[in-house]
Amino acid sequence: MESSKIMTAKEAVSKFIKDGMTVFVGGFFHAISYTITHEIIRQNKRNLTICQSSFNEHADQMIGAGCIDRIISSYVWMEVFGPLYCFRRAMEKSIPHKIEMEDYSNFAMTVRFLAGALGIPYLPLNSLKGSDMMTHSQWMGENKVKLIEDPFGSGISHAVVPALKPEIGYFHAQRADEEGNVQMWGILGDAPWSVRACDKVIVSVEEIVSREVIGRDPNRTILPAYKVAAVVKEPFGAHPKNTQGYYNVDRDFIFDYIKMSKKEETWKEFMEEWVYSVSDRTEYMNKYIKKFGFRKFMDLKAENMQSGSVSYGY
Amino acid sequence: MSERGYDFTLQELMAVAASREIHDKEKVIVGTGLPLLGSMLAMRTHAPNMIAIYESGTIEAKPSITPFSVADSCLVPGAAMQGGLVEGLGIVHAGELDVGFLGGAQVDKFGNLNAHVIGDYYNPTVRFAGSGGSNDIGCGCKRTIVMMLHQKRRFVENVDFLTTPGYLTGGDAREKMGYPGNGPAVVVSTLGILRFHPVTKEMYLESYHPGVTVKMIIENTSWNLKINDDVKETEHPTVEEIRILREELDPTGIFLNKQ
Amino acid sequence: MESSKIMTAKEAVSKFIKDGMTVFVGGFFHAISYTITHEIIRQNKRNLTICQSSFNEHADQMIGAGCIDRIISSYVWMEVFGPLYCFRRAMEKSIPHKIEMEDYSNFAMTVRFLAGALGIPYLPLNSLKGSDMMTHSQWMGENKVKLIEDPFGSGISHAVVPALKPEIGYFHAQRADEEGNVQMWGILGDAPWSVRACDKVIVSVEEIVSREVIGRDPNRTILPAYKVAAVVKEPFGAHPKNTQGYYNVDRDFIFDYIKMSKKEETWKEFMEEWVYSVSDRTEYMNKYIKKFGFRKFMDLKAENMQSGSVSYGY
Amino acid sequence: MSERGYDFTLQELMAVAASREIHDKEKVIVGTGLPLLGSMLAMRTHAPNMIAIYESGTIEAKPSITPFSVADSCLVPGAAMQGGLVEGLGIVHAGELDVGFLGGAQVDKFGNLNAHVIGDYYNPTVRFAGSGGSNDIGCGCKRTIVMMLHQKRRFVENVDFLTTPGYLTGGDAREKMGYPGNGPAVVVSTLGILRFHPVTKEMYLESYHPGVTVKMIIENTSWNLKINDDVKETEHPTVEEIRILREELDPTGIFLNKQ
């Protein structure tokens, strides 16, 4: 390949994410691209439809900021950390405006992306049927899911879901080369299939490595360069989430977010401090270290636990 | 609660009850909170060969500390296999797993669960997380263990939204659907332990927790709850179970001292 | 887990492969378990149905030996090396007996296994339709493939294929632990999905490693122990095929096989020399080195090309 | 063949013709033999940013030697990505690739290919390999390049078995099927280069190879082959193309000196 796709989060979001788009958001609790998420909020993108198998606070922040009209997912919450209040305010009280969610199960979402990546038009499932997710739809109507009898004569009917192929996606990973060959390890979430289902992808990474490093372990690559529109180098780009091999979850920060987001006023304070008043991720991390100290920052950093090497020789 | 000369909390009792539902060598999809503690306790007592599987695609996790999330980084190093959701939930969907854990905002007498809304779906009074993997686990695991706060507004005649099928309308209604899994085996509530009639599939009370009466449980259930003929007190945790929970699994009290 | 699954190829085949079974055979040109294949032939298994996305000479040898009644695949040939003559003799002249093949495309086979592994009952495809594979079936009849209109109203019809879940499978990989957690790299073929679709799997490996080595790089694992019935330690267990990181293809040996297999008589000579007259893989390799010399053997051995190590720390 | 003061073989001419069908930056699923040499030649001449993809799941292979098989171990080290068949063929099936190569035992005037049998499918006179990935490539790639031995028994009115659809019965028959890909763009035969009429989708002769006459091609085609008005001789390879083929891609003559 001839040219580098490395750019800043600001450039990538400005160039590739347009109001009204259907945007895939990567990561399952682990490795969520906060650097791209915050940039979407700062650039005040509007009328987005976001999709991901399961969403956490990153969705909540975009919802509170008014970027989102529609969600396609199975889950918007933060596990034992607690509920997401912007999501609830929007769903229950249309604050800042009404949003809609098309509810699936986690596996149904995951295989909608799988089907999208493989060009398989739809998929039958053992899940979903018998639930109210079959009968309730916000905007997809008849195209959300269908109950269809097994054509192979088992006598069983299955919930059939359509492939999902988002226009643009973004996610966070450990490393990529400048052309956009992405390697990821640890918990993959709905990747690799979700990122492969997108027409184009923005990836933020902890490190840029050479094409040669990628080529030494090609089974580790989850997305080839031709799908990638932009590579954003952003160490700690998933904070307060974890990135395996680089840093752990910042539990205190997440608990603080959930506490602050209970009320609109305090949520705005939090967002002002960590999103609107910083211009990029470097300022964010500078602020973090200034506020919490170098020791706290170093506590997040991962221990070194090596995978070991294998030979690809022939 | 104080029995047999030692103390245990309601949370601990529930974790122990969950643990005892798991048999050795079973493949268990483990959630967070009490299900996680119950599973880890089972592995340290009567089910040393239980295989712990996480929705996030971790198989045979051997964390040295208690994970906080199904995607906790501590689950990955030392696991037998790590993939993504398609790996974690694919084997659930294919019917390969023995046990799954479920919860929710509401449950009805046939074990159907609601994790979506209180009120109208399109104009909810309260909106919850949604299914996540619950629907898949409820359809796919050979059996499920439901853990619930036992309150009248949660144990309801009809759920406001059916997220995860239990036995649907009871009898053979679930069987006719042809799910890979067989439905909920037990409800471990904050007041007692409830199971399902083998034919009608209606929930009944098997045991009440120490300090709880059958009357209290009836009052906290919206429908006319059936009571087992030999209803008894829930079996107490052993000293060793409590020791493992407190000293090994939750030494800082982050999971069990919350409530 | 409590116990080791390590056994010999002889024990594994005797214990788990029964006459009349549907047997999945792993590997796509790369990493084909010849140790298990030859043992199936020596134990004179009968009436097997074998399935794999694409077959090479390993199928040819089992066909010639009379083990096979039915094949489910997209391909039985050896690329530019040439045709497989036992396959042709059986299909064209019923020598040693009539066999049947249910023909699919390579991708259709691959996703039949994918569906089997994920519990998805059937899958619609863009391929197959319009071809005579839609209308011709040996024994599956109406259950082979169906043409079904898109329920989501695209106006397009798709070929729909059923999931494939073999009773038993076998494949070759680089390494496993004694419990059967298998790690593989390089060209995966229809794995990981095919091996996951099987009820139970026999795996032959170049090396047995500790559970701890597996746990250091869990993203490298393609099959968890609970699916594995037997682990067979067999260095050079894929010869004359390649195993990435261990040894290269033995082209001369494959050309020789194809030459010898043109006539029944010479095919029998080849099989006598390399299958029937040796009792196991160790005798086979002893004979190989005795016949071709240590230098030729060493020429097959792979160079050391290290993947490099990554950190899984937190 | 000797032109412009240098020699080239028919195999070399065909490899060069295949190479010239590929544009820069295209994603090409590469087979073995001549398609492989053609693709590698394109990358070394006018298409340096072509992305070579193999059915076996290798993306952007950069082998230092010429691979012998689509699963040759030399393809893997240095590749941008290595998966399995679901990776290699999944992107074909999804319609993401620009070019694929096809071959077979028979082709008809609409570019339909047979790679299964000569004679009756259930009692074949000759049985071939079967589809392998051909059907998927023929349905999924934006366009395909067919390479064929040009003989009367191979260029037939009706194929004995339709393995891979070309334009089916011609006209808009293929379009109506809704495949992701648009069908064969060209047939590079051992006698000439043939393309398809934009409306009728019938094959016509565009050029004849050096030393071949239009009459020879008509005689070696079973149907009444249409000839382009300005039919001409196939463009010759350049000295540089031949040098690359011989010195860089096939220094031991294993691929090009076989016939």
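Note that the chains take the letters A, B, C and D in the order they are written out, and that residue 1 is the start of every chain.
The rule is simple: contacts are C-beta pairs under 8 Å (C-beta built on N, C-alpha and C of every residue); 3 or more make two chains touch, one makes a residue touch a chain.
Everything quoted here is computed from the prediction, not taken from an experiment.
Chemist: Kindly list the shared contact partners of subunit C and subunit D, in label order.
Modeler: A
Chemist: Would you mind telling me which chain pair, A-B or B-C, is linked by more contacting C-beta pairs?
Modeler: A-B
Chemist: Let me spell it out: compute each chain's centre from its C-alpha atoms, then which one is farthest from subunit A's centre?
Modeler: Computed centres place D farthest from subunit A.
Chemist: Determine the centre-to-centre distance between subunit A and subunit B, using the mean Cα coordinates as centres, and give it in whole Å.
Modeler: 28
Chemist: Distance from the CA centroid of subunit B to that of subunit D, rounded to the nearest Å?
Modeler: 58
Chemist: Using mean C-alpha positions as chain centres, tell me how far subunit B is from subunit C in Å, no decimals.
Modeler: Spacing between the chain centres: roughly 41 Å.
Chemist: Between subunit A and subunit C, what is the separation of their C-alpha centroids in Å?
Modeler: Whole-Å distance between the two chain centres: 37.
Chemist: Of all the residues in subunit A, which ones touch at least 2 other chains?
Modeler: 111, 118-120, 125-126, 154, 156, 185-186, 188, 216, 219, 242, 244, 248, 302, 305, 312-314
Chemist: Enumerate the residues of subunit D that touch no fewer than two other chains.
Modeler: Within subunit D, residues 58, 72-73, 76-77, 82-83, 86, 90, 93, 95, 140, 180 contact more than one other chain.
Chemist: Can you name every chain pair that touches?
Modeler: Taking the chains two at a time, the touching pairs are A-B, A-C, A-D, B-C, C-D.
Chemist: Which residues, counting only subunit A, touch subunit B once they are in their complex?
Modeler: Touch residues, subunit A against subunit B: 28-30, 53-54, 73-77, 79-80, 83, 87-88, 91-92, 101, 103-108, 110-111, 114, 125-133, 136, 138, 154-157, 185-193, 242, 244, 248-249, 251, 302, 305.
Chemist: Quick check: in the complex, which residue numbers of subunit D touch subunit A?
Modeler: The touching residues are 27, 48-49, 51, 58-60, 62, 72-74, 76-83, 86, 90-91, 93-96, 140, 180.
Chemist: Report the residues of subunit A in contact with subunit D in the complex, numbered from low to high.
Modeler: Where subunit A meets subunit D, its residues are 1-2, 116-120, 179, 181, 196, 211-212, 214-216, 218-219, 221-226, 312-314.
Chemist: Subunit A touches which residues of subunit C in the complex?
Modeler: 111, 118-126, 143, 146, 148, 150-154, 156, 158, 160, 162, 174, 185-186, 188, 213, 216-217, 219-220, 242, 244-246, 248, 302-314
Chemist: Which bits of subunit B are touching subunit A when the two form their complex?
Modeler: Per the stated touch rule, the residues are 32-33, 55-58, 68-73, 75-77, 82-86, 89-90, 92-93, 95, 116, 121-122, 124-136, 139-140, 161-165, 168, 174, 177-180.
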